[in-house]
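As written, the chain order gives the labels A, B and C, with residue 1 at the start of each chain.
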Amino acid sequence: MSSIISIAKRKGAFQQSIDAGFESGSEDEDVNMSDSIDNGPTHTQESNSTEGHIVTPGELVTDDPVWMRGHGTYFLDNMTYSSVAGTVSRVNRLLSVVPLRSRYTPETGDHVVGRIAEVGNKRWRVDIGGKQHAVLMLGSVNLPGGILRRKSESDELQMRSFLKEGDLLNAEVQSLFQDGSASLHTRSLKYGKLRNGQFCQVPCSLIVRSKNHTHNLPGNVTVVLGVNGYIWLRKTSKMDMARDAPSGISAPGPSNGAPIGAKTLRSSDSVSITRLEEESSWQIYSDENDPTISVSLRQTISRYANVIKALAFCEIDITHERIVSAYEASMVYPSVGSLIDREVMETIGQDVLTAEKMRGTPS
Amino acid sequence: MAKDIEFSTSENKFILDALRQNLRLDGRSFDQFRDVDIKFGKEYGDVTVTMGKTKIHCRISCQIAQPYEDRPFEGLFLISTETSPMAGPQFENGNSTGEDEVLCVRIIEKAVRRSGALDVEGLCIVAGSKCWAIRADVHFLDCDGGLLDASCIAVMTALLHFKKPDITVLGDRVTVHPTDEREPVPLGILHIPICVTFSFFNPQDTEENIKGDSNAEIAIIDANLKEELLRDGTLTVTLNKNREVVQVSKAGGLPMDALSLMENCYKAYTITEKLTDQILACVKEDDSKRNQYAGLLSSENARDAT
Amino acid sequence: MSRFEIYSPEGLRVDGRRWNELRRFDCSINTHSHAADGSSYLEQGNNKIITLVKGPKEPSLRSQMDPTKALLKVSVNITKFSKTERSKTSHKNERRVLEIQTALTRTFNKNVMLHIYPRTLIDIEIHVLQQDGGLVGTLINGITLALIDAGIAMFDYISGVSVGLYDTTPLLEVNSLEENVMSSVTLGVVGKTEKLSLLLVEDKIPLDRLESVLAIGIAGAHRVRELMDSELRKRAEKRVANSTN
């Protein structure tokens, strides 16, 4: 540590201009202004912050009054300042600063994974990793016995037999309340209680919102990438295959995600889904795992969990393609447990990035 | 403090609006300290200080104790503060872990004890084994803001007023003379710290306060209870007459310009001067009242001194 | 006291610094990403602290819920081994620690935009691993870094620094040796302004010297802000480079 951090004392009153103090250091023979990071934050003054420019709290983002001020900013007169450390984002006239890391902020339509925190009066409170718990109303879930069933008082009394504290579920954000907390619903067969797999959490900023958040991965594993950073890895079920096949977004490469039955399902997909719905009696709230999960499948699931952690460790955005690519890169390490070593995680992250560059930007 | 006291929104707004127009609810100007009334009890070191509706009682007592091992030449000095619901519903009985109570106690402690206002070396009787232990008990009788300022005045006046019994030391034998036998001796006071509390209000937005350079924040001296509940920040300056800053505490709250904080310190100094003179005058007056026959008995006193 | 020369005639202090030199300042953020939403590790001279920010989160008690703004809670844990001599007590309920906690809470109450996180709790936990004078200033810097790491909106940086006064010379950033023999001032400065959020003077200082002490303190705090800022930018650039286009 050779760098000496020294301060030039400003002369006279406090009211002198603030910046002048440091630059005019040579006036005092006691002062030596040697430091390695002198011109670090000086580009504040340029303020022609472009898209993706990094700002820190209190920094002037723009003095142009045309902008509407969004999240992560505050203003005085014409000046807009940043209130978080992050990147500037401009959408039409809306100027906001996206923080590098923060808790999940729900938005309508988000596919999230959550955990029941509390069973209340006609509602569940769900921890979705946000600032506040989300609400799941009894009226916004599918109950056993058909979709068009009326909610009765007996349902209210046996809410714990559907979902109890600690249960994991995936759901969609239905609407937002005034204070920013979310109301969820699970009124589709792709939502509901989670089983047959493992939970894994990453910072929510690493999950990019996209059309589809449930992906079938090679190795008979399905991943649910909650926008809130909660991830569920499970054995691919019949329904997962049924969902994936007709949508046309098959897994990359000759994966076994869409196996032999895909063609037949494609022809009768609508029928099969309605049939499944009818079958969804109490089973959708069952706590029993599939008894047929093999040891090798369990290992595959934990391998996926570890590569996701490795990606998160390297602060790389997590997408379907990158999980598959990282999974392939991890195959050189036969032991799943070795994937949590620091060097291995870094190597995997590096491999993913280089593989992407060679292939050209996927986006 | 005052978790339980809540004002209506309209009253809040009224007080703040008035402040914006340079008016205070009780008609004082911004840097006007309330009149301080000091009353002495029958005994030495029994003082009641009244400032507006705020009322503080302080009683000094002493006993002989053993000094700390690492400081054999120093006496003991303890300040104990007692809050009770008597002062107001916001105080809990026997619970002094509330934020404001802790700050208040700490500041009195720093201002009076740690600054060496009391000459503790003069309390030593026999080095390492006997010394005087002086105890100041502060009771908050009524609270209308400015507890800290009033407590500090009360403690300092009481210390100045207090007299401990005279003693004679013969080898290891210590004789304590009752006060009716020999004239008791006053304590050694090295300086008189005076606390002045400023309350800050922000008339504009927080943004203006942080980024603007208008420095339009309002600072008032010696807030009463309502103003204390509404304030955005506070600053307590403790000074003595020798132009020494004994203690300054601005524990967070509204950010204030350094220059205006300095101005506040200078304002506090004029108040300190005034209050110091008042305290000394009060103590002197009481002393002469008690000693109105001193002239007649002067010969006896003279013999004592030898 | 006499064994050390606090300020030599050549203008050097006990640890070889000059009057206007800060101590070594090493900080990193996101050090405990699994345990907290924001975290920082800060070494300011021999002060070493870990700060964890948890939240904004659902408060565990209903009484901690304010429908208009978030509640900020600061707890300071001064470890028993933080000084050269192991202390017998955990400093948990000492008045001094309670005072520091209150001061820190009030400092950040005004600076964090609590009104945009209604009904939530922001829990700040500090662990002091080693202390060597000017602790409150270091705590402020640690909290600022951890809050920014947690992505919590705040108006500006708050940077803390301590200044001692030796005879007539202000000494920037006192260590514990210096702190014991002279009076010191702790400042919490808001961003690049000259506004003080926190100002603590613990011992006697001549009134007319206070101004020069504050001036050097403010300059020092601005420098600390720059050091924190450059570390944050370094982190941010790395993160931005990795994210998808």
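Quick note on the criterion: a residue touches a chain if its C-beta (ideal position, glycine included) is under 8 Å from a C-beta of that chain, and two chains touch if they have at least 3 such contacts.
To keep track of the chains, here are their UniProt names: B = Exosome complex component RRP45; C = Ribosomal RNA-processing protein 41.
Keep in mind that what you see is a predicted model, and the values were worked out from it rather than measured.
Go through B-C and A-C and name the pair with more C-beta contacts between its chains.
When A-C is set beside B-C, the one with more contacts is A-C.
Could you name the chain whose Cα mean is nearest to the mean of all protein Cα atoms here?
That would be C.
Could you please state the distance in Å, as a whole number, between where the Cα atoms of chain A are centred and where those of chain B are centred?
For chain A versus chain B, the centre distance works out to 56 Å.
Which whole number of Å gives the spacing of the CA centres of chain B and chain C?
30
From the mean C-alpha coordinate of chain A to that of chain C, what's the distance rounded to whole Å?
Distance between chain centres, rounded to whole Å: 32 Å.
For chain B, give me the residues that contact two or more of the other chains.
If we look for residues of chain B contacting two or more partner chains, we find 207, 210-211, 257-259.
For chain C, jot down the residues that touch at least 2 other chains.
155-156, 191, 193-194, 214-215, 218
Could you pull out the residues of chain A that touch at least 2 other chains?
14-15, 58, 74, 81
Where on chain C is chain B touching in the complex?
Residues 93, 95-96, 98-99, 102-111, 155-156, 185, 188, 190-191, 193-208, 210-211, 214-215, 218.
Within their complex, state which residues of chain B touch chain C.
97, 99, 102-103, 105-106, 109-110, 114-115, 206-207, 209-211, 232-233, 235, 239, 243-259, 261-262, 265-266, 269
If you look only at chain A, which of its residues touch chain B in the complex?
13-15, 58, 74-76, 79, 81
Going by the contact rule at the top, pick out the chain A residues touching chain C in the complex.
1, 4-10, 14-15, 18-19, 21-22, 30-31, 37, 40-41, 52, 54, 56-58, 72, 74, 81, 83-87, 99-103, 117, 127, 131-133, 179-181, 203, 208, 314-317, 319, 353, 361, 363
Please name which positions on chain B make contact with chain A in the complex.
205, 207-208, 210-212, 257-259
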